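Here the structure is laid out as structure tokens; the discussion comes afterwards.
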Amino acid sequence: MDLSHVAWTTEDRAGIYFAEPGAAPRASTVIYDSSASAMSRIAPGMIDWRAVLDDTRWFHTSGITPALSESAAATTIEALATAKNMGITVSYDLNYRGKLWSTDKARAFQEPMMQHVDVLIATEEDTRVVFGIGARAGDDTFIRVDTEVYAEVARRLQERFGVRAVAITLRENPLVWRNTWSALVYADGELHCAPRYEVEIVDRIGAGDAFSAGLIFAFLRNNDWNGAVRYGTALSALKHTVPGDFSQATLAEVEQVLAGGSLRVKR
Amino acid sequence: MDLSHVAWTTEDRAGIYFAEPGAAPRASTVIYDSSASAMSRIAPGMIDWRAVLDDTRWFHTSGITPALSESAAATTIEALATAKNMGITVSYDLNYRGKLWSTDKARAFQEPMMQHVDVLIATEEDTRVVFGIGARAGDDTFIRVDTEVYAEVARRLQERFGVRAVAITLRENPLVWRNTWSALVYADGELHCAPRYEVEIVDRIGAGDAFSAGLIFAFLRNNDWNGAVRYGTALSALKHTVPGDFSQATLAEVEQVLAGGSLRVKR
Amino acid sequence: MDLSHVAWTTEDRAGIYFAEPGAAPRASTVIYDSSASAMSRIAPGMIDWRAVLDDTRWFHTSGITPALSESAAATTIEALATAKNMGITVSYDLNYRGKLWSTDKARAFQEPMMQHVDVLIATEEDTRVVFGIGARAGDDTFIRVDTEVYAEVARRLQERFGVRAVAITLRENPLVWRNTWSALVYADGELHCAPRYEVEIVDRIGAGDAFSAGLIFAFLRNNDWNGAVRYGTALSALKHTVPGDFSQATLAEVEQVLAGGSLRVKR
Amino acid sequence: MDLSHVAWTTEDRAGIYFAEPGAAPRASTVIYDSSASAMSRIAPGMIDWRAVLDDTRWFHTSGITPALSESAAATTIEALATAKNMGITVSYDLNYRGKLWSTDKARAFQEPMMQHVDVLIATEEDTRVVFGIGARAGDDTFIRVDTEVYAEVARRLQERFGVRAVAITLRENPLVWRNTWSALVYADGELHCAPRYEVEIVDRIGAGDAFSAGLIFAFLRNNDWNGAVRYGTALSALKHTVPGDFSQATLAEVEQVLAGGSLRVKR
Amino acid sequence: MDLSHVAWTTEDRAGIYFAEPGAAPRASTVIYDSSASAMSRIAPGMIDWRAVLDDTRWFHTSGITPALSESAAATTIEALATAKNMGITVSYDLNYRGKLWSTDKARAFQEPMMQHVDVLIATEEDTRVVFGIGARAGDDTFIRVDTEVYAEVARRLQERFGVRAVAITLRENPLVWRNTWSALVYADGELHCAPRYEVEIVDRIGAGDAFSAGLIFAFLRNNDWNGAVRYGTALSALKHTVPGDFSQATLAEVEQVLAGGSLRVKR
Amino acid sequence: MDLSHVAWTTEDRAGIYFAEPGAAPRASTVIYDSSASAMSRIAPGMIDWRAVLDDTRWFHTSGITPALSESAAATTIEALATAKNMGITVSYDLNYRGKLWSTDKARAFQEPMMQHVDVLIATEEDTRVVFGIGARAGDDTFIRVDTEVYAEVARRLQERFGVRAVAITLRENPLVWRNTWSALVYADGELHCAPRYEVEIVDRIGAGDAFSAGLIFAFLRNNDWNGAVRYGTALSALKHTVPGDFSQATLAEVEQVLAGGSLRVKR
């Protein structure tokens, strides 16, 4: 990994979060301790985005960054605009965090950003909360998540923002420790759906990031949205099964899941 | 908490129990080590119940106390009678423990007690085991628990003992670590049912006590059985999700469950 | 336990295995580290089987032994043939391990062994993998396992090898940590089916061995296949609920499961 | 505990620290994450010290507070001055933290504060680091800590700042997990020394605070510096033996240590 | 182990104890919960000691049994007298527990018992506490334990009670988790001393019992007090290094310690 | 790290070992399970040492490799001879493992190897066990290790084998969990001694390898034996304080130890 463009500081703290795992009917909670974090101090002009993005095919960021501070929001726009301008594919994971900013603020800041975005990634929940496009009100227990509904949501988001592709992850949440997990991509007028996985959750934090990583990796490899959404979904399904907030799955493990193998002990 | 009326002793031991958690199809077990416990030595005359209960609105006790010894049973009656006599609302959680006394003894001792009880609280299982009023024989796997059946059970218990209210907790037990949990109250000719919660169990010991606590707290606050059974059920559903045998839930957590929130990570 | 016939060695290592527990959709895996193990060095002539089996009613072994090495396979045949010859009941748990040998090799070695076997024990998966008799191809996720299909499989295996009885364990595997578990025996033209248990898995390794142990124990006690398959299934269902690879269940615990008790806390 | 004067905020974060336990020859380390903490935002005028201190006999604070920010330092002076003015006994634990401010800054801020202080509490290390009065340079491994030397240090600090009493804790630090621990007080021209305890360390964080607590508690009870330094030392020696950063010792446990009991198992 | 003479009961509870590990300067503590235990209900006549002791060479018991109840004390005497009468070697571990009975009671009960005892085993502390024969008063921190002093103590005990041998274990207790451990036997006018071991304590509970076991085992094997005290001391030194209250050491491990091996890693 | 010359195999197993931590007076033990390991199958001709060592300044190996098998021993000689021949500095850590080969075999194989070695590294124990040059017999408890004695041992080893430098690590082993640790180098007629560190042991496995690593790293950096032995000793002293068998210390941590810092909490 190339860390040469990281702007290090000895002044500010690293943002941290505290996660309290729940159990049905008690939801898990996350408390952000990001105030005065180094990332919240980022400001336009601090990073030479043209240098950072030189020779880059894809730029990805998420809605947590602009939620940290106004200067972080401005820097996010700066980065997105520069990348778009350089012809780089730009993906954006909406990643709404209600404990960091209000829905009003999130909408006001992020709607204009969408002009710089090629691939919008969101959860089944955030599309409605932030952009008002989602399953009908009252369906917010997410015990059953209807793919059809979200295909339509993806279509409407694509139309509204004119992005190239919209990816929506689909989590059914009847319990805390057992969910289903799937995703779809609407791109170029076509819908691509991944299988729906039963996931026995060890640690679900980082599943969204793993989805984005898998989607981008697979699309860059094969230029194929169908393969990309399936790869991203399998990788992020696996993420749920390991502790820690980033995926440790190997290519072979993802492929085993994609091949639809059984849950027998492999021996 | 006011401990000023506790009768302390340096002579006798504290009763303890050993809990062995199971996993389907192996049931959990509890072994009581309560012989020669201080509580088993309690005897009529030892406590000045009029002083203890002075200025009190509600008195609650459970069927574990009379199961400990004959003197404890006599003291239970003494307390219930005094409370009733003073015009205090008396609730009694049947809490049958087959390892402490036989069903015959439990029935013989507790039937006469019912004249002093205003609110009888019981599980779906104990009403039949102790008083012979329950779901029909053979339905004792409790994999499906029918609310209608227990509404009728509550009605019959109310008639038989002339108590003001009967509360029955309803546990479906298809697995050890995942149950459903609900409750109903039959009072003043009306039935009040709480929602049924899926519970991912961390430690179920103490759920019954949490139900009683929530029921009493909410009824004293609003004088409303419907709210009370809902509050008690939510509080005790939350109890299942934390280790230890007493509830640590905050008012806000109970209200979140009552509001029917999703199991999304709160962040 | 009589260890007097064990052939000890100070030269060779004990075979070990490494188990990595999964979580849906990541399967558990086992890595065998059995090369150069003492057991792989066993060779015909090393054990005086007639002395070992003197005064013995039943001889049981499994398909892991012949998978270790050619000399171990030859010794397995030597033992089976001797036992059969002595009129001892011989049971054989197919126990196919794809990481130890190929299906071709497993079939080539084990088909001729079947002439010495009275009771063939196998999983729903191994019958097809090794002998080509199983549920139809494509049904290998084992999320639903149809008893009828496996009754037929047992019948065909019985016919093909002329064994006295065929026992098949039936695992439904929709998740890693929650399965159903059952078994059937086809013997003397009759089918005997155990109940299907929901199992909350603590450690499933050793469940197959516990099934064999329970089947043999109960059959030797009562000479009754129906009781034997029920006993073996209950014992092995319990094995899933304790850590470690051998059963610690007492007779009383097995009988409680056989009696179909509820999953209430016993107290 | 009376929390009615606490100024709560929903804006700022709680300061936290990360402790990494060492083992000889690797020292333990603590990283403070206190920037933007609520406490660092405290400012003069925010607290009505006269109201807070009304009817109070003793006011204690430590050198960590002024190290957090300039406004916190100003507020510390405000509090000390008010307390002194009201005739309240003021104790101040120097508690130097080199990761929060420089020695120059610590000296510049704290020397003027000393006019408001009655009882100065410090470690054998901080007296020299902050005020330049300590064991001679080069003696900073603290493997042997000479009481005589620190009696002299206490005397000089008392003279320099005109405080009523100086308490110095004395830690010998030849290893990370086994230290000796003692303390002395110089007051009214007299020296009072506690015994030196061998401590098997479970968690040493909070030992200094436990010393202050014990010293103040015992002095308020008996108005006797000799008893106070002995009580504070025993209480803080016990603090080392329990996890967490505050003492859980009972009066009886402190008295057992003060009575010089053996380390036999009490049974 | 032959359990055929155990008098089982389903009525009474097993005595238990709670151990709280300390750390210098906080001593470890043990709380006994033995009231109403089955053992405390033992009474003369309940056990047929002649049958139990038939064909037995050695009978060993300890001072915890008579401390449990008067009937247990009477039964202890009954057993000792019978054994002595049958010509069996009788050893008695004084094992004084101040939380079970007073020193006065312990002395009054146990002095008469000594007429039935051949081998008295005691700690350096209990000889003085119970029989008033020990190191001089004030030496009760046991940070240094002088072998000479205890040789004299053993001699005086031998004279006073006319026992064949007196064994005293010698623990230096400067810290909770690191002690020295040794023992001596005075028998037939001769003193036999074991080496003194530095012990890094994992769990010291059961060390006394391990000493008795080793002493008896080795004496029965070789009829040699010098070897016996050395073997018992080595075995019990090893006991300190494993969790749980009984020794798991092998003969080979004891012999390695007896051979004075280094603490290098054996590889 | 460059892995391009590793000869991978899918045939053979990785050697493993089992470590059982002791506590005084029970020594820790290690059991090797290296038979049939991939490394034991290495054979002359399998590795192109000239290619591997091209452009290399230093080659280091240890006496565990030749202990694995005769072919591994032959390959060790092949590697050493090639490196020596290419003018590369060769270091060899004697690392005697009595559970892998006898002292006779170890001496017979390794004495001739010494002609290819520039820097011989050994423990205070192995020099005598393998080459018969060490502290006098009977001093094998290693509770006190005299630097003078080992300076002489180093000198004699240097003379006997004509190596450029001899490094000896010096461990005092009075307890299992607390040792002292030091080292010396005799080179070019001069003796270089590191300080002696008290080490509170978390995991001592890998300390020898960390010493070699530090010695080589520091010597390559500054060409100075005095600095090298000090650096190697500090790095390996730190290794004792972390779990796992390789050092995780940073340069800054080693330098802090070299600077002789105190064991105060750094905060």
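Per-chain residue numbering starts at 1, and chain names A, B, C, D, E and F are given in the order in which the chains are listed.
Here is the rule we use: a contact is a pair of C-beta atoms (placed from the backbone, for glycine too) under 8 Å apart; a residue touches a chain by one contact, two chains touch by 3 or more.
All values reported here derive from a predicted model rather than from experimental measurement.
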Count of contact steps on the shortest path from subunit C to subunit D: 2
Subunit F and subunit B - chains in contact with each: C, E
Result of counting contacting C-beta pairs for B-E and A-B, higher pair: A-B
Interface composition of copies subunit A and subunit D: same or different, split at half: same
Longest centre-to-centre distance from subunit D, chain (CA-based): C
Most distant chain from subunit F by Cα centroid: B
Rounded Å distance, subunit C centre to subunit E centre (Cα mean): 49
Where subunit A and subunit C are represented by their mean Cα positions, the distance between them in whole Å: 46
Overlap residues in subunit C, where contacts from two or more other chains coincide: none
Full enumeration of touching chain pairs: A-B, A-C, A-D, B-C, B-E, C-F, D-E, D-F, E-F
In the complex, subunit F residues that touch subunit D: 178, 197-202, 234, 237-238, 240-241, 249, 253, 256-257, 260-267
Subunit E - residues contacting subunit D, complex: 17, 19, 22-32, 97-99, 125, 140-142, 173-177, 204-205
Residues of subunit C touching subunit F in the complex: 12-13, 16, 33, 35-36
